[in-house]
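Presented sequentially are two complexes of chain A, the first with chain B as partner and the second with chain C.
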Partner chain A sequence: MRFVRDYLIPRLVQYVLVIFFGITAVFLIPRFTGQDPVLEIIAQIQTQGGSLDPIAVRKLTETLQELYGLRGTLWEQYVNMWRRVFHLDFGPSLFQFPTPVSELLRIYLPWTIGLFATSTLLAWLLGNVLGGIAGYFSSQSWSKILDAVIMVIRPVPHYIFGVLLLILFAYVWALFPAGGLMLGRRTVVDLRFVMIILRYSFLPALTLVVLGGAGWFQQMKLLVQNVRREDFVQYAQAGGVKERVIISRYVMRNAMLPQITQLALVLGQVFSGVLMVEMVFSYPGMGLLLYRAVTRGDYNLVMGIAILSIFTITTAVLLLDLLYPLLDPRIRHR
Partner chain B sequence: MNMKWFWAIVIGCLFISGVAFAQLPAGIPREETLIADQLSGRVGTPGNFNLWAGWRWQDRGIQQLLLEPLWTVDYATGEIIPGLASGMPEYNEDFTQMTIRLRQGVYWSDGVPLTADDVVYTIDLHVRNAELPYHGPMAEFVEKVEKIDDYTVSVHLKRANSRFHSHFLDRWGCLRIMPKHVFEKVDNPITYEFNPPVGCGPYVLYDYDPAGFWTLWERREDWDRTPTGMLYGKPQPKYVIIQGFESEEARILAQLRHELDMAQHTPEGLKVVLEKSDTVRAWRREWPWVVNIDPCITGIMFNNLVEPYNNREVRWALTLAIDIVEYMAIAFDSMAPVSPIHLPPVPAYKEAFFTPLEEWLKGFTLDLGNGETFQPYDPEVPFKIAESAKKRGYPVPEDPAMIRDLFGMGWWKYAPEVAEKLLKKNGFSRGEDGKWRLPDGSPWKIDIVADVNVASHPLRNATAAAEQWRKFGIEVTVSPTEARETMILKGEFAVCDQWPAAEPWGAGVDLSRTFDPWHSRLLTPIGKSVALGPGGAARWCDPRLDQIIGEMEVTDPFTAVERTKQLGIEALKILIQEMPTIPTYGYCGAVAWDEYYWTNWPGAENPYTQPYQHWPNLKYMLPFLKSQKK
Partner chain C sequence: MDAIITVENLQAFYVLEVMGERKVIKAVNGVDFAVLRDEVYGIAGESGCGKTTLLKAIFAALEPPLRIFEGKVYYYPNGERVDAFSLAGEARRKLRWTYISYIPQGSMSVFNPVKRLRITFLDFLKSHVGGKREEELLTLAREHLVRLGLTPQVLNGYPHQLSGGMRQRVAIALATLLKPRVILADEPTTALDVVAQRAVLQLLRDVQKEFRSTIIVVTHDMGIHAQITDRMAIMYAGRIVEEGLTKDIFARPLHPYTRYLIQSLPKVGDKNTKESAPGSPPSLLYLPPGCSFHPRCSEVMEHCVQEIPPLKKINESHWVACWMREG
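Up next is the complex of A and B:
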């Protein structure tokens, strides 16, 4: 009971407050950007030479404000927003009107989860395993070479690396498509479907795995190098414990703890996607959706994505805090 | 890693990459398919084709393939093409009644004949339903719409309007005719998705990407029962894919791999494609390649409600502080035609306005005070630009007529000393550092609100203007911002890179579309949104222009051609005298066509129609394409 009173309840209150302030900030920030979603739509039509006469534009502005729910004071809009949040209804996307925000999330989220979650987990696994081994055997020449190669790859921006892969594998050796999934609404889930998905996702995934993996590698290598010097490792070595056991159970397991924390936080970012990679490969993910929403002042869509993101990240952190004792025996909820 | 695992991964990768399948959806032969780039990018409402209810990414093929309007403008030929209509609109004497005669034998894609009932239904619905975007003008002008017979419609107007037909004249958008038999069964035409869509154009929807990257259209079996088929014959591609790309690199690579037949790149991207491909051509086969007959003029816009830009002499001083030869090199590598007037140099306007105005331009004089005058027009500008381009190694033609065609008819002299006199006459002064001071003694700083897209013509203009005015001694910054559109429409700027004038029709002699946003009744205070950004956001008006617009409203542009033209010339003279915005050069599109699968594109040597894939006129290009069947 003491755990509930002293830890769980304050932690849950903190959780609720973070969500409350986060959502409030998400409501306010787009409204301070100076962008008017109604005017953005009208300007898009006009800039591309669309034929709208002044009378039509005036009427259209009024109609869109009504349809978008942008009438009323800021307070009225704020109260209305909370009402929507409790009903899990984010309203229609303003730029992609009348498509509901929930519909857009339903379409794009699986693509991002498929690419981002898979490649992040793969990058995390590869980076940590390789980084751990390279860290333990840091004096070996192969470890030094691998470290040097990764040091070169790591700072390369996702955009540049993606374009490089495109040039190499979609143009010089045209093994993979240059982007744009050719899956229509008539698609049936069969082997061909799976092949197309894999083929189109391969280069974006490779970009994420290589660059992400390089980051995990470097962090893990440093962690392992530190853990390796701990007393309990040297004691195990002195006690004649097999090296394989020392690496996996003594060093890697302990060095892994901060990496697990970070993985949970990184996975929480699934809602903001990986914009640059999605742009290079014309991949239908959440990053592009959010980018469009921000640049077009699409309040509702920004809200929808950000609220989901806030919920996911805060919940992930809460769960991690509660579950940490299971992972790290040194921590106990008193 | 275990070696077994290693080889399993390698073989898996090879398998994935080696699986043979076309880039296209199953059953779509590439050689019978035209693939075109979508200008507006990925579709945000992939399952919604109801463009009557609002913005629906109409260049995904809805306007080019699915639907035909009553009339379409073609700026390349200078013609207005009657599509669903059998001829031009007919007005009564006092312009209170417009008669539309329909082409007979046109059918909707579901086999229902297209008749006067559809036209009457469309107009009537728009008069009644306030949520439809074209409700404004329909409710404002239409008193009654009636069917005379199956192929004749009469629209009675509440007051005289000789331009009422322009609401049905397609120039990247207009009120298109709805299939009555579909919409009359719908409860709410705003929320209705119109999927699958029923059209009167030569193609029907075949498939689309639920994520919005592409839309696939199939030629109708009965293409000969559409206006396109009747006017020009069978569209050659059996399938057309309109595809959106999120990055220039992906678009370039797709074209180099013959996976994209029609594209609009940045000029830099076009150069790369032309250099790397043996089969891609541009609008012009030689330098400067780009489309220079676009019906849009670019330049710089002043907010005429903000000091000191509310002073015509200040605006003129800033114009004369521009060295246009240098400006063009900075802005567009000297590849575009300059324009001293607020019109783009499309073929129809060169003949109707540019040539007749040139003598007047030569004699046009500015009053510098103290009895001193200055004639600012310089007809030698195109030759100076040609010389500058030649010095930079470009293959510039020698023929003077060709030089004027490529670089424009002339522009304003670079006369910083005259600009200085105009400014000093208005109380401006130079500080000890040589920088300009406003009449109140504070430093003159210009912040140009600009587009964020580095390849866009607006930002190119902003960058070049900033460079020129800095050289003249003004502190200038360029501020690209995502909020540009909103700021410009609301007038929250002093100087910006918006189009200096609303885009005209591009054909005929009617310039009302350009002048209308400057009527005093549309003058909007800062903080409130103007109805039309291009031109209109300058927040300028002139009683003389009001009078001309008023007369245009009661002049038939089809029958009173000479008078309409004269009114246009008079209005253009007022704009030059006042210079509320600075027109610089005609918009240039970097169009690239791959000749691997399709040839006979409407290039500069044979401009049988306008060249863009995103314009509604694409349907009128398709019957002329020739298959290479490689």
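Up next is the complex of A and C:
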């Protein structure tokens, strides 16, 4: 089949190559910084007043090298790293020793996916539908008012909008908790648990949906205003095709294409989390986890997040590439 | 023969605000004519003479900055006279494609690029034909294509899979789907090679014979007028300067401008160098006084500079606006 040979296989090859080079880069970059995490830890222990005899130091060094995957030559370390990647074993976390990195990811990831994916999808849907309709009827007064309101909202930083929501809905009217959700090791998914998640996620999600949706709205409005002037839209109007059909099947359907690309790229960034929002609402997400890992020099955790990040973004792009020909038939026949 | 479209003293101008200054482009400046049932009517002229604007006005597709300053366009659906500009919303939508339809200039991008042509045809059909199932409508579309000598297979394709000539023929099929009484064709063959041009012209002729509709063809190409139109009008700077049976106009052009247009056509065995009208068309923003053509006319007289010549009847069917034909 030509589709498989000319379209599918090149993309799969590209997918594997990007992951390979990405993970190799993640492996090499910290090793070129010249910092030695093992020496740093030992120095830390010593400055904290712990006196270690040389034998203890050597033993500790060996143990730490083993934990960090720093044993052996560069090549041996590299091969070893790949073995760990395939077993999803990134070693123990440092600042939450001895919890394995994979365990931490397992705990934090659902929270981030729940908040980030849901609010991103919701923001995308709302922003595009409203932006599309407002763009089609851009000369109407309600469209202009909506546009003006959104122009004011969109540039507000996440932390200001979040704090505003906190003051209003957690302090003035204490409808929602002001954050501070603690994560247990094991979570049982039942109705009570879902309710807790909803209560704690509502305000952060609202922040993300409103600010994100405002961005999608503005982009979609501009796209639609351009597509609306295309020949095929004007021709359908001239031909007396019903307006409802023109808006959905002619205008929105075509304006949506670049928005879908963007959505996939944004969703791929789930591992970087949404740091600002997580901080304001002290929400236990990946952003906060990564931030702590970086500031405390938790190399294993940083590695783990970076590798999973590479994996999700490339997978998102691959899925997009594979789905796109269904959305835009012109791609198939290039 | 009865009229199917009449245009009375039509003045359609573009009104622009440029740096706080109001500018009026007089694209169609006092045009009168009637198009009859079952004829092919041609409108000829250079780029920028107001041909396309005239078509837009006839189609009552008036988007700002285009505005009608004076005059009327009448349709005659079911024998009664309807003012095209007073039609609004649903009433106008219903006449589109059933009474009057439009073949666009260069149909490269008139189809929805992400949908199969079947869907586009169905969208147009569903908006005008009520109470029929999708299957029946699709059969209707297939039969129509077959009748026009096109393969119904094109419905399963996407617009980008068709060649330019094929796309234009499918556009004609789409425009004639509901057997409209009047079809407006705006430069239907421009941007096509001569082979495709021939096929498109043949198709237009077939459509006209088959459905006995009226076709109004707008093109700068005098060759096409000679091939398919029965009557034609020559436009210059927003006015009709000559109107008559096509064969009369080619045999005995009365306006100096018409003569230039016809002389520019190549003929087999003709060794003379072609002579074109000197100069370039006037700006519709600042028209010359008197006859708009006088700066380029080889037979200009004193009177031409002072007063605009009216369209004058020469015989039963031939009209011309030139002071030389006075008396």
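Following the convention adopted for this analysis, the second predicted complex is superposed on the first by the 257 of 334 C-alpha atoms of A that agree within 3 Å, B and C clash if a C-alpha of one lies under 4 Å from a C-alpha of the other, contacts with A are read in each partner's own complex, and residues count from 1 in each chain.
Quick note on the criterion: a residue touches a chain if its C-beta (ideal position, glycine included) is under 8 Å from a C-beta of that chain, and two chains touch if they have at least 3 such contacts.
Nothing here was measured: the structure is a model prediction, and the numbers come from that model.
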Touching partner for A:Y235 - first (chain B), second (chain C), both, neither: second
Given the superposition on chain A, which partner contacts more residues in chain A: chain B or chain C? B
If you stack the two complexes on chain A, which partner ends up touching A:T73: first (chain B), second (chain C), both, or neither? neither
Would you sort A:S141 into first (chain B), second (chain C), both or neither based on which partner it touches? neither
Which holds for A:Q35: it touches chain B only (first), chain C only (second), both, or neither? first
Chain B versus chain C as contact partner of A:L288, first or second or both or neither: first
How about chain A: which of its residues touch chain B in the complex? 33-36, 39-61, 63-64, 67, 93, 95-99, 107-108, 111, 163, 166-167, 169-171, 174-186, 192, 195-196, 198-199, 202, 278-282, 284, 288, 292, 294-295, 297
Which part of chain B faces chain A closely enough to touch in the complex? 13, 16-19, 21, 23-26, 39-40, 42, 44-45, 47-48, 53-55, 59, 130-131, 133-137, 139-140, 166-167, 169-174, 190-191, 207-214, 216, 243-247, 249-250, 253-254, 256-257, 259, 295-296, 481-483, 485-490, 492, 499, 503, 516-517, 522, 529, 531-534, 536, 614
Chain A contacts chain C in the complex at 230-232, 235-236, 238-242, 245, 249-250, 253-254, 257, 327-330, 333
Could you pull out which chain C residues touch chain A in their complex? 59, 61, 92-94, 96-97, 101-102, 104, 108-116, 119-120, 123-124, 126-128, 158, 160-161, 174-175
